[in-house]
Amino acid sequence: MATDTEVDLTPRLKTDEMLINMGPQHPATHGVLRLILTLDGEIVRHTEPILGHLHRAQEWQGQNRTWFQYQALIDRVDYLSGMFTSWAMARAAEVVDGCEVPERAEYLRVMVSEMNRITSHLLWLGTYLIDLGAMFGFPFYPFREREKLLELFEEIAGQRMMFNYIRIGGVMRNPKDAWLSKLKRFTEEFPDRVDEYEAIVTQNPIFLKRTKGVGILRKELGMDYGITGPSIRASGVNLDLRRTKPYSVYPKLKFDVPLNDRDGDTFDRYIFRIREMRESNEIIKQCLDMLPQGEISGKKQIAGLRVKAGEGFAAVESPRGTLGCYIISNGSDRAYRIKWRNPSFCNLSILPELLKNHPIADVMAIFGSIDVILPDVDR
Amino acid sequence: MDQFEMLKAWAETNVETTMFYFLATVAIPLAYGVILDKTIIRSGFILIGVFGSICGFFLLLQAQFLALAQLMIYAVGITLVIVIALMLTNPRMEKSQLSNATPANQLGAFMVAVGLFMTIYLSVRPENWTLSSEPLDTNNVEVLGRALTTDYSLPFEFASVLLLAALIGSVMLAKAEKPSKPGEDDYEYTVVEDGPIAGDPRQDREPAVSKR
Amino acid sequence: MRNGAEILKLGTLTLVWWCIIFGAVWAACYIVGILIPMALTSYESDAARMTAETCRALTPILSVLVFIPINAMFMVLFERRGLAIFTVRLGPNRVGPDGYLQTAADAVKLLFKEDITPRGADAFMFTLAPIVFFAPSIFGAMPLLAAVTNYHELFQIANLPTGIFFILAASSVPVVGIVMGGWASNNKYSLVGGLRSAAQAISYEIPLVLSLVTVCLMAGTLDVVQIAKQQSGGILNWNIFGGGALRGLDQAISLKFSSSAPALQELSKSSFEQVLKSVYLEPTAQALGLGAGQEGLAGIIAAFAVVLLIGSIWIAYGLYMTGACAEINRIPFDLPEAESELVSGYNTEYSGIKFAIFFLAEFTNLFIVASIAAVMFFGGGDCPVPAWLGTALGGPQIASVINQALTPLIEIKLVDPPTLFATIWVILKVYSIVFFAVLIRGTLPRFRIDQLMDFGWKRLIPLSLIVFVLVVYAREFVNVHVGT
Amino acid sequence: MLALSLVTRAKDSLYQICRGLKTVAMHTFREPITQVYPDKMPDTNIRGRLALAVNPETSEHLCISCRQCERVCPDKCIEITAHKSPETNKLELIEFKIDHGLCMFCGLCAEVCPTSCIINTNDFEMSEYSREALVYDLRKLTLSQEESRYYFDRKEIPLPKPKPAKAAPAAAGAAKPAAAGKPEEAKSESEAKVADAKAADAKDAKEVKQADEPEKQTAAPEEKEETENKEGSDKSKD
């Protein structure tokens, strides 16, 4: 099997190289990334990502908005996993401020963020299959489940993507019982749906051909480039902040972190995301069982919210990897300095290495598999 | 009734002649176009038109199978390969060679062309072509098949040997340029893993630093 | 059946559109092929007769010209609604009653869109490309038309003795249009798309042709009308079931059915065996030179040959469909226009009417490919119910009732029942295949170009050669069409 | 051997493809998830278009011109014009503008509003032909009594206590419809606080808002002092 899927791409005939400008208007660059590809025939020899088309000065805005206002903005950095960005910022601010977060709020945070992880991976799954050319059928199925979660988000946070739900010191709103039971129902039926996706995709010979042995990310190389998230776990690096640097109530929850025993390829990155969705589902189930009663916010959520002077860093494990936030506060109602460590930006840096000597058709298979969100790259 | 049949017969013969002249007037300018067009890929496409009209001639001769084979193999298959080969070659190189053509070269080429034409003309002219108005057997696939496997089996086999030689030759050509060392075939602008990511690969071209 | 309403809607939509398409084609054919010649024959002049003849001769091409645009419109809609059902959506349901006119609106929109020729493009080639892409599909449809209209004399004109070869030759031309368009667009994505298309078409033409040649070998002719005619007489005679390999079984069963009287039961039993023997054992024994005592061996070999033949034909059909999907650039072989890689491939720069022609031709090609399959493998316009079963189900009575009802229309040549039924069966067959193509489109991801080439050259071509050889040998021991 | 493995693999591949095809084909028999949107309006809980609620009981305007929303808005899309009434010495609302083209529907203004006046409705349809039309004025923003009741019920906001009837300058409120009648200035903040038994978070917001009031005045010192119509209120902030 292995010998068959390996592609011998050593060039035999010397032909003229061609520069192709992929993006920012290209349908498969997930937004506005621009890649300058140097092609030898259909083989990519050199890649140069051009960033910044979506730069919105999110860090600068953090210094010019009050904490309260900035929380509403920060969801937009990684718009597919807004819970994690707001959580990272809230945790950083809590580290600086030293305020307590009630346990119920922590459970709610874990719950909604794991839900968010599922939605993010579902969207990735759909779009990834589009990248691989399954344009018309399969991509709609993940979106169907995602829709259910988005409706739950809408009910609890008031928005489907820009939640503004996790706040410094707690969360915004208490869920109702009906909401919890809906979520419970979802968690019960979700594994069947994932089985369905796997029935369509995982063993599909074309899919296997497209993904197995393609874009192999060596463990050391990935560590050198600072890759995080499922991409590096698929290459066998045990880096999941929920386990390695536990935060919130994760130590109390039972879940597996899938870990590969070899250098991961595109297929591994796919299958690890699928497994992560299942694990997230389990986490939500446990949270629903363990959810305690009590306060939901340890700090008053008001316009004049202040964070004590000091500086601190906190990171969460977002669907794309380690999402860190570094805050310096001078005690006023806004940050003195905010710096983000965005997983997409770091993960994207590996792209030229992964694409080298792959045919142009693999560009999207590989680029899709590292799951980059462009606003997260450009901030 | 007779009148009608006559009309029909007249129309049939005339349609055939008209079609012949029509195809000829298409084919000859297209053939000139293949030679004269400045854009080499365009002349490749024009060649398809030439083959298409030759296919029309075969149809007029009631050789349907040959006509269709002509269309399938020459007009589409071979010409496409030619066009692709042309696309993959360097057009600038072609241009420089063209400009290098001296008047002596041009004269030589002209002489060769004239000589070739005269040879073909002289060899074809004295032949006695028997004219026949009798239609060919509609199932001329069978006729062709029989001819190829009985009377003409030797030329047929020779033709396939030629094709085999061409295949082997193309494989050899494709294999000819083998990278001597694994590192050497790397794209020269490629920034190796340990080096910094260069801004513009064409400006600061760095030698390969190290290999893992 | 929680989705019953949507399936029902799709069914109604299909029926309505079929009525529109075939109504239009029928009207055009009737007026040009029958009404005008009928009117003209009343004049005794030669010119009138000539005109009448010309009209009749032009009927097939006219019917195809009317058919193709309307049919392509319907197929786009059909595909969109079908995909919507597979993906738990509703599909286009806004324009017209329940979305029936969606594609008509799209077509009108495309016609009135600005026709842009990019700067630096070769304008002549750029314009020529869609024509070269589209025109062959019209020609390709012609012999098929003769085959599927149940040998109606009006469409017999379109037949050619080299029918299937003509279709294949015509269907190989569109790739020139793609390469031309790709090169003339002055766009690198288009160019890569065009080159890919050429490579793909040339590679997949071989298994495609070889699988069809296998069928032609069984049929002993290239003439599609002949091939369709040979398969008449129920599902067991179709090429997909060995092209007459099961004919003996068919005959034996029909014999059994015909003798329903209990007294004849014993006799019919023996004759049942006799028929089987005469059809299967004897040719096999003859071919092997076996004596009278070795009937058991001959029976085993005959059975094996039949199974082998049918299996080979199924594989040949699979090969044909794979190659055809690649020829017409459908998923999973839609590399020339791979959206995620090449934006839109060869038609990136096209807009307006030129894009519409590309789009039209794509779906027409799908239809033609499906009709080739219907003619070559599924018996053309043949009713799948065998005669004995039809009799048992009261087929003749139904037919006579229908004939009675249609008699006044038949009188004035408004309807020709054989053609009508043949058309209905062909359409059902063709659209089943199209529906399957839609299902495939809804499931499979896309190949990569080098894998596509590998798959074509290293898997499909050897397999098609093996199937070819198997069929050559297997049919020596079985009565296929050639023998009868 | 090789041929056998090839056959096995071909069989496996075919089986897997058929499994996928079957799964997709079985989806035919599932209910469509599409919502027929314009025909059937979705029942959302979305933080939609901003609006100003009136007291569902008395149809009084609830805005007290405290400018909390204007200050908290990250996009600066709210613009309040108010003046201190010479008779009552209380703030009177003259104009309330929200530029929905700028608004990002974060809902912060609704959170800080002490009287639950500004709320996010569930309405999300506000297509217009021009950007100017997206700037909603007081008349367009103010909800009717029924709508206010609907949203108060839906969002489970406790009903505000009706204000004591005032000798009405209501008629002086220019050519505004009755629903958008001249809003009266609220009582002192403490009074309003006691009166309105708010939901927990809303209450929190209000309590601390009082505590923070002097500090905020340093940042935006105009509130109590300036009595005139302030167009450049956002300019005065830095």
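Note that the chains take the letters A, B, C and D in the order they are written out, and that residue 1 is the start of every chain.
Here is the rule we use: a contact is a pair of C-beta atoms (placed from the backbone, for glycine too) under 8 Å apart; a residue touches a chain by one contact, two chains touch by 3 or more.
Note that this is a predicted model, so its numbers are computed, not measured.
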Ask   = Among the chains, which one keeps its Cα centre farthest from the Cα centre of subunit D?
value = B
Task = Name whichever of A-C and C-D has more C-beta pairs touching across its two chains.
result = A-C
Note = The distance between the C-alpha centres of subunit C and subunit D, rounded to whole Å, is 60
Key: Whole-Å gap separating subunit B and subunit D, where each centre is the average of the chain's CA atoms   = 72
Message = From the mean C-alpha coordinate of subunit A to that of subunit C, what's the distance rounded to whole Å?
response = 47
Ask   = Between subunit A and subunit B, what's the gap in Å when you average each chain's C-alpha atoms?
value = 54
Query = Counting only residues that touch at least 2 other chains, which ones in subunit C make the list?
reply = 86-89, 442-444
Ask   = Which residues of subunit A are in contact with two or more other chains?
value = 137-138, 141, 144, 200-201, 204, 206
Message = Under the definition above, what is the set of subunit A residues touching subunit C in their complex?
response = 7, 9, 18, 20, 26-28, 42, 129-138, 140-141, 144, 200-201, 204, 206-207, 209-210, 359-365
Task = Over in the complex, which subunit C residues touch subunit B? Could you list them?
result = 46, 49-50, 53, 122, 125, 160-162, 165-166, 168-169, 172-173, 175-176, 179-180, 183, 191, 195, 198-199, 202, 222
Remark   = Note: in the complex, subunit C contacts subunit D through residues 1-3, 6-7, 84-90, 93, 439-440, 442-444, 459
Key: Contact set on subunit A toward subunit D in their complex   = 1, 65-66, 68-70, 72-73, 137-138, 141, 144, 147, 154-155, 158-160, 162, 164, 172-173, 196, 199-201, 203-206, 297, 300-304
Query = Mind pulling up the subunit C residues that touch subunit A in the complex?
reply = 83, 86-89, 188-189, 192, 331-332, 334-335, 338-343, 441-451
